Amino acid sequence: MFYRENGQYKTTYGADQQMLPILQDRIFMAVLLLFAFIGVPLLASDYLLLSILVPFLILALAATGLNLLVGYCGQISVGHAAFMAVGAYSAYNIVLRVPQLNFLVVLVLAGLIAAAVGMLFGIPSLRIKGLYLAVATLAAQFFMDWTFARVKWFTNYASSGSVSTATIDLFGWRVDTPARKYLFLLAVVTVFTLMAKNLVRGHLGRAWMAMRDMDVAAEVIGIRPVYAKLTAFAVSSFYVGVAGALWGFVHLGSWEPLAFDINLSFTLLFMIIIGGMGSILGSFFGALFIVALPILLNQVPAMLGLPLATATKSHLEVMIFGSLIIFFLIAEPNGLARLWAIGKEKLRLWPFPH
Amino acid sequence: MKQHIGIVSVGVLLLAGLVAPLATGAGTPGFYTEVLLGGLMAGVLYSLVALGIVLIFKASGVFNFAQGAMVLFAALSVARMAEAMPLWAAALLGMGIMVLVAIVIERLVLRPLVNQDGVVLLMATLGVSYFMDGFGQTVWGSDIYSIELGIAKEPVMILEGVFQGGILINKDDVAAALVAALLVALLALFFQKTSTGRALRAVADDHQAAQSIGIPLNRIWVIVWSVAGVVALVAGMVWGAKLGVQFSISQVALKALPVVILGGFTSVPGAIIGGLIIGVGEKMAEVFLAPVLVKTFDLAGGGIENWFAYVLALLFLLVRPQGLFGEKLIDRV
Amino acid sequence: MRQATQRKLLAAAAGAVIAAAAATASAPAFAQAKEQFFPLLPYRTGPYAPNGVPFANGYADYLKLVNARDGGINGVKITFEECETGYATDRGVECYERLKGKGPTGATVFQPLSTGITFALTDKAPGDRIPLVTAGYGRADSVDGTVFKWNFPLGGTYWDAADILVQYVGKKEGGLDKLKGKKIALVYHDSPYGKEPIPLLQLRAKMHGFELMLLPVTHPGVEQKATWLQVRQHRPDYVFLWGWGVMNSTALKEAVATGYPREKMYGVWWSGAEPDVTPAGDGAKGYNALTFLAPPGQGQVHKDILKYVYDKGQGSGKKEDVGEVLYNRGLVSGMMAVEGVKRAQFKYGKKPLKGEEVRWGLENLALDAAAIKKLGFTGFMDPIQTTCVDHQGSHSARIETWDGKKWNVAPEVYESDLQIIKPLIRESAAKYAAEKKIPVRDCAKDAG
């Protein structure tokens, strides 16, 4: 009834190509952003900000990065936590060695370094794909884990191998309180999401999708596989590297190589499977789902008067993850994002579906 | 000849690595042999896990990420049941459980996903592996359990007259190798001599042709997953007897991936030989190469065996993507 | 068909969203008075569960005992909640954030039983004004209360442990000077935990002229073949084992397989519990480990626990596991947290206390032999006295040996050499303070 595009005419090509072609969507997005920037910091508790929203935003950014590669370009990676680690350690070393640099510059530099490493490990994708590529990315995972644990220079010769960061200072604005951390992340993530959204609608994104859907045909119509695949690896690693730097500096504060181990790679992969492959929105859904599920599992049974043992809860959690992955792959391969789209479709026809 | 340059050079490199410690005197011949044996033993375990993966891949085109979880699950079942009954009964019952697992996986995961892309199936088995890890520990507990095969753990010294210091050998390692060899022989018999085995091979060669002559695909899948389950059980028991049954088993099984890359996804001998190469390679690298690296680059300790297998597989992919014994048919770009 | 599935999926999704909203909305529904909230960060799953579970049980059982026997701490009831960390740092941080604000006065004290999580929380605790008790683990330099105001490595650090082990093997050789030319291998868990003792061992190696071999073992520690082959190759005179979880039992099995004598292996106190040796069977016989607080066995406090907790069916674990090494360490850790609160109640009154008030209590902890006896812990710990400068309170440990069935603790008590450790602590703490731009406290002026 309220959600209908009747009477919204498009008179220019520009209007037709908008990111959100329906007025109601634009209003919704504006309200959502306004609420996220102003309402949430005022209303949310510190716990909600620090344990749910901060990891959610960072992981959503990382999942978006992974989605660009897996969902849009069709190249699987089970080693993306390695590129997060590259981002985090690059940022740590840049801050350590050039302390006067602004953190935003550090973030971009860390992303670029991650992109370079990502491209390096993406080279095998020119010859292989599918399962074979999975092994190549696994090599990246284990090799990078080892590098950061062993090469002392990366951790500034810390005897424990653990590094810790100082508070981020942006032009005198210190990112120290939960609300500031959240706002800082929200701003970064909004900018990067907007960029990603435009990227996938543009020339590059279309090249990736062509590569994903049928590589031979893509080559025939003039898309160079080398270019498409390596850019996908580069952009994806850039995003993930930035997310890694944020994960280290804003969320963890101090970390060891284990913080970026293979389990994180799997978690990122699960996010995009559950959220929806080939959908930026899906990355956000997936991240929210994975961040919130353990917390829900912790609180819902207790609310229903069924206190579960700690061990059971945690076993239950992996079991639920496992079953959900299978469930989504079977029932809705496009994930939560597809459900959202269906919901919107239904809403357009409501209350007269016929 | 030209297309063989890559594989030959990797082979030469590996051989050079194998000979280098002896040539440079980094280890005495006796110790060198011990490292070699240690690597072979680690390799046997990798081979056993890889074997299950290859069997399933051959028959259903699914790369089974959950093989490690199946090893853990089987080992946990046997270890816990053996507390209440004799080991052989527990093992038999464990086989029954693994068949049940195979049926459930076929019904709930494979059948709905038939004809899907390989990567989708891979991710589905990743889901299976998470589920089984959680399920196994909920049902059987998450402590360290032991499987006692009744083999002495104290090493024996042999060939003391030949090498200075002799060679230490473990009976349970030898037993593990024998079990693996027996299993491979049994599998070979099963595939060559029984009608089910022939049907399996037919399916592996060509799904559609096999189906058109009346081989029921679904049943074949159940059988193959059951066989892989039994292989997992054997691997789990061998492994569990050596190191104890515990959650971490399923993680070490990740190493089976580079093994099948090396050996080829569809080759049973490939899985065995790939496992041995990786096992020997990483132990040699860790014992002889790592100290040199640590000294040269001032690293905080060795540990290169963590990535050695993967990087070796990666190199291999670049020169010979189908693996040592794999079929030429490969998804190349 | 497809439509129906979709509709069901949509309904399910909507339901989940509502449940989520309800759960988050009702979370902060704690406002009762007269309760002291203890957050627990155990790990009952994953590769470290065999060691994490008994510790968590001991800790929880002590809190239950205080409620059941004494009716709380001077009338203030104890509440607690567990949050599974799986020994993972990010999980631990999430748990910390989740639990730090619970209860009427917030979290009392955190004890994560993980050096990695301790490193992460050390940065966060000052901001939230919650003390961290890391009895026998964590940062060795956090003994220095002038820099690490919120950290309490009560009873022992890894530098103490490493120092005592070197002293012990020196004594065995007939004097520390006899260590010259000897080889000692450190087989360690490749994490902040395992790396902690390295600076001290390197210092000692330089002092006495022994050679230190560093052999890291990657998490979780089931792959040690290559490590032990190296031990076999170089034949060190002693092996110090710095493992945790499944790594310990694997190390012992590999030592058996490579024929390294277990009598020459010395574990840190986290490598000397029942789950570390029992999986290795007879092979573990003769293996030694340190023990600081709480050797195995049962005392008065265990009788109380069996009577007040287990006989009522409230026990956290199995009855026969009460008195295991790690269980007892959990017990002692719980006790020290409770005693910290008790001490703080002297100053601030018998009411629920804030974390910063408990911090004062922990800093002025004085448990002498009489107090320990009163608590029923005689024989399970040495007296502890903390001050503003020394947040550790006790620097002693004993050696225990596994005889195939149980741990036998030798009566000799060893003290770490503070002459050597203190400068190291001061140097490291000063570096941390400079890096983090933390003002150093003046203990003469700042009592609170």
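Going by the order they are written in, the chains are A, B and C; count residues from 1 in each one.
Basically, a contact is a pair of C-beta atoms (placed from the backbone, for glycine too) under 8 Å apart; a residue touches a chain by one contact, two chains touch by 3 or more.
Keep in mind that what you see is a predicted model, and the values were worked out from it rather than measured.
Asker: If you average the Cα atoms per chain, which one ends up farthest from chain B?
Answerer: So the chain farthest away from chain B turns out to be C.
Asker: Once you count every C-beta pair in contact for both, which comes out on top, B-C or A-B?
Answerer: Between B-C and A-B, the larger count of C-beta pairs in contact belongs to A-B.
Asker: Report the inter-chain centroid distance for chain B and chain C in whole angstrom, where each centroid is the mean of the CA atoms.
Answerer: Chain centres of chain B and chain C, defined by C-alpha means, are spaced 37 Å apart.
Asker: At what distance in angstrom does the C-alpha mean of chain B lie from that of chain A?
Answerer: 33
Asker: At least two other chains touched by the same residue of chain C: list those residues.
Answerer: Where chain C meets two or more other chains at a single residue, that happens at 44-45, 49, 53, 190, 195.
Asker: Hey, what residues on chain A touch two or more of the other chains?
Answerer: 149, 161, 311, 315, in rising order.
Asker: Note the residues in chain B that touch 2 or more other chains, in rising order.
Answerer: Answer for chain B, listing residues that touch two or more other chains: 137, 142, 300-303, 306.
Asker: Under the touch definition given earlier, write down the residues of chain C that touch chain A in their complex.
Answerer: Interface residues on chain C, with respect to chain A: 5-6, 9-10, 13, 19-20, 22-24, 26-28, 42, 44-45, 49, 53, 56, 82-84, 86, 88-90, 93-94, 97-98, 100-101, 115-116, 119-120, 122-124, 127, 139, 190-192, 195-196, 198-199, 219, 435-437.
Asker: Can you tell me which positions in chain A touch chain C when the two form their complex?
Answerer: That would be residues 45-48, 50-52, 55, 149, 159-162, 164, 166, 176, 251-256, 258-259, 261, 263, 292, 295-296, 298-300, 303, 309-311, 313-315, 331-332, 336, 339, 342-343, 346 of chain A.
Asker: Inside the complex, what are the residues of chain B that reach chain C?
Answerer: Result: residues 27, 31, 34-35, 38-39, 41-42, 137, 142-144, 146, 153-155, 157, 168, 170, 173, 242-244, 246-249, 251-252, 282-283, 286-287, 290-291, 300-303, 305-306 of chain B touch chain C.
Asker: Inside the complex, what are the residues of chain C that reach chain B?
Answerer: 44-47, 49-50, 53, 190, 195, 214-216, 218, 220-223, 225-226, 229-230, 232-233, 246, 249-250, 253, 256-259, 275, 279, 281, 283
Asker: Going by the contact rule set out above, which residues of chain B touch chain A in the complex?
Answerer: 63, 108-109, 112-113, 116, 118-120, 122-124, 126-135, 137-138, 142, 254, 257-258, 261, 265, 297-304, 306-307, 310-311, 313-314, 317-318, 321, 330-333
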